[in-house]
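Chain lettering (A, B and C) follows the sequence in which the chains are written, and residue indices restart at 1 in each chain.
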């Protein structure tokens, strides 16, 4: 074999070995550093400075931070984290770099405000973020909606919620439900129906997968709560008529109180307990429900409501 | 053992964006150069001389054929320590001085450290660059660069020296110096292979020449053989303006120029002509047999050949 | 063999120096002095932060520019000027030439970084009047920056072995930028599907991982750098550099030098 041939083979072999080695090393490095890049956001004391340093490429940088924020939250939630300290800074940097990235405000209102482990638990910061968004995008009805959302759900501040919904409803092209929600806040804030209108609006109008999945989970929970309330009331009605609790749903059906076998939103049959309570088959699969839980039930650390879960 | 054996080396380039048009730079070449020869590789520009040299130096890879230098496969790195190369219109690291340049090349050629300084000084002396040893090459004239180039080619005492157009761009003084150098190399027993399109240089220096045109070998042989006289004429030059009348009957063609006469006449009448001049007391300056010049031979070889497929200039 | 490589490396270093590359140190010195003096006049507590951030970023950027500008010409300039012909007519192997060129430029960058490090520490001393234990991490950050230099030099050399200087500069610079976001690229690739996922993942792993080699902001905040990271980064830089140089050798071995 000529010298040149030998060199070619050696270099080719070395190249392949190095490619494999570099891939392995990268996996090791990524494992080690997951989160390290993100932690650097804590060192960015001034997002405005970052914007200036980005030399006009702030749009691209905003997209990069937005991607990081989504992966950060999804990844940590998947691992069952209790804190999401970096979510607020990440979203704040994203929106400073690109104030018109409305999806970031939506994500913030859905996942910054709720208490851990479902969110970062910083509703005030979520409000600030959203107000910043409204200042820069006054014609975006979604942002008023998101603001009302935070006030209603996580802060139980129905007055401010109503004001936000009302303001939003005056924007042309606003979703018709905003007016309705503004009105409901006044009298029926604590009611199931109000919550249902809210989550339905979110579900119908969002473009973000995580936000939609979250809304769907909440709607299912509301459905369960309503079903269980209704079923338990009917069981009580049966007892009033017959003097004892029904043994199963078939009896209630024969008594004309039900039609068909009641199933939960996931398609599984409800269970009728001897004492007249109704339970769901698998509470772990139905996060956020407040009724239909077996006694002494402790929800798992990590509720499954994101698409990455 | 022949110093250089070219066994069918050929090179075709694929030209054009889709690499469809083949360009034949060199057709399969068979050539042998004996040890200690000065061999001239002649041809017009673009004939394939530089391609051949680059193939031999391993700068370009052949599409076919092989070669041997000093009996070894020409691709072996060890061969390189016994050859020297001066490329066409060379350019060197212009930020180095002449001494530094030779030092670098000596290092790369494996000249032992102890001998380097001595050899470099000798070499600089030999090519006449001692005075500019510490001047940066960017300040060198073309002639000086050429001399530096020759210095690096023979610095490590190679057995075979390859020179690509060594006289190009030099003034007559420079050309003279290079010719002298090549003659020195021959006296030292080295084999010299050089390409040129200046025939007079080849005529003066070479033992044998090869003529190449359009990538193809058109003729090889000793200069003397290629130009041996077919005409059988001699040329006489004498002082004065007188032309003896008998010369005309001897078939002489006479020209008067200044105060010398040049006459060309058949070889067999040579003695009679000399006798005629002696009788008249005319002083003979020279008597030279007329030969086909290398130029005539060259031009004859360059007559266009019936077109063969794929060949381009 | 090794002697030839050393000679080629030494000559490459000499060329860089005579090309007045090291004059960039003057610009750097001016920058650092100016910054140190300015910063010394403002509020306490962030002078060290600014000096470290600015100093290390400047070392990184200056070095990158030099690495790319000289790196892209390492091979192409020698071919264009035909200085390569006389080198290769000697018993120099083509791969030795490539390795020698790399070592020469890498050496130049190390020397450059060394002097710049002195500048950074001098500025640090000026603003805080003493050294602290955490200053040691600044050395680690500098070491990582030097590793980055090796990678980008090897890449510039790779591109120089087959493309024109302009294209080589474009490629090298592009890889520097993309490599700084390599971790994001890998995260992004994990979110795609099908053919896009294969291509994106492949690209994400081939791109040089500069993000892990950049610890400037954490070191500026006096955070330690884990020993494990140092080992992995060193191994990665070594492997990646070898990869790029092997590629360069492969291409150069087969190249016809017209």
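By definition in this document, a residue touches a chain if its C-beta (ideal position, glycine included) is under 8 Å from a C-beta of that chain, and two chains touch if they have at least 3 such contacts.
Only a predicted model underlies this, so the values are computations on that prediction, with no experimental measurement involved.
Student: Could you tell me which shape the graph of touching chains takes: line, ring, star, complete or other?
Tutor: Its topology is that of a complete graph.
Student: Going by the touch criterion at the top, tell me which pair is linked by more C-beta contacts: A-B or A-C.
Tutor: A-C
Student: State which chain is most central when centres are taken as means of Cα atoms.
Tutor: Located nearest the centre of all protein C-alpha atoms is chain C.
Student: For chain B and chain C, what's the span in angstrom between their mean Cα positions?
Tutor: Distance between chain centres, rounded to whole Å: 48 Å.
Student: Just how far, in Å, is the C-alpha centre of chain B from the one of chain A?
Tutor: Spacing between the chain centres: roughly 85 Å.
Student: Rounded to a whole Å, what is the gap between the Cα centroids of chain A and chain C?
Tutor: A distance of 43 Å separates the two centres.
Student: So which bits of chain B are touching at least two other chains?
Tutor: In chain B, residues 77 touch at least two other chains, as defined above.
Student: Tell me, which residues of chain A touch at least two other chains?
Tutor: Residues 3-4 of chain A each touch two or more of the other chains.
Student: Show the residues in chain C shared as contacts by 2 or more other chains, in ascending order.
Tutor: Touching at least two other chains: 93, 254.
Student: With touch defined as at the start, can you tell me which chain A residues reach chain C in the complex?
Tutor: These residues of chain A touch chain C: 3-4, 7-8, 11-12, 14-15, 18-19, 21-23, 25-26, 28-30, 32-33, 36-37, 39-40, 43, 64, 67-68, 71.
Student: For chain C, which residues count as touching chain A in their complex?
Tutor: It comes out as residues 93-95, 181, 183-184, 186-188, 191, 205-206, 209, 211-212, 217-218, 220-221, 226, 228-229, 232-233, 235-236, 239-240, 242-243, 246-247, 249-250, 253-254.
Student: Can you list the chain C residues touching chain B in their complex?
Tutor: These residues of chain C touch chain B: 3-4, 7-8, 11, 14-15, 18-19, 81-83, 85-93, 254, 256-258.
Student: Okay, in this complex, where on chain B does chain C touch?
Tutor: 54, 57-61, 77-78, 80-81, 83-87, 89-93, 95-96, 104-105, 107-110, 149, 152-153, 156, 162
Student: Quick check: in the complex, which residue numbers of chain A touch chain B?
Tutor: These residues of chain A touch chain B: 2-4.
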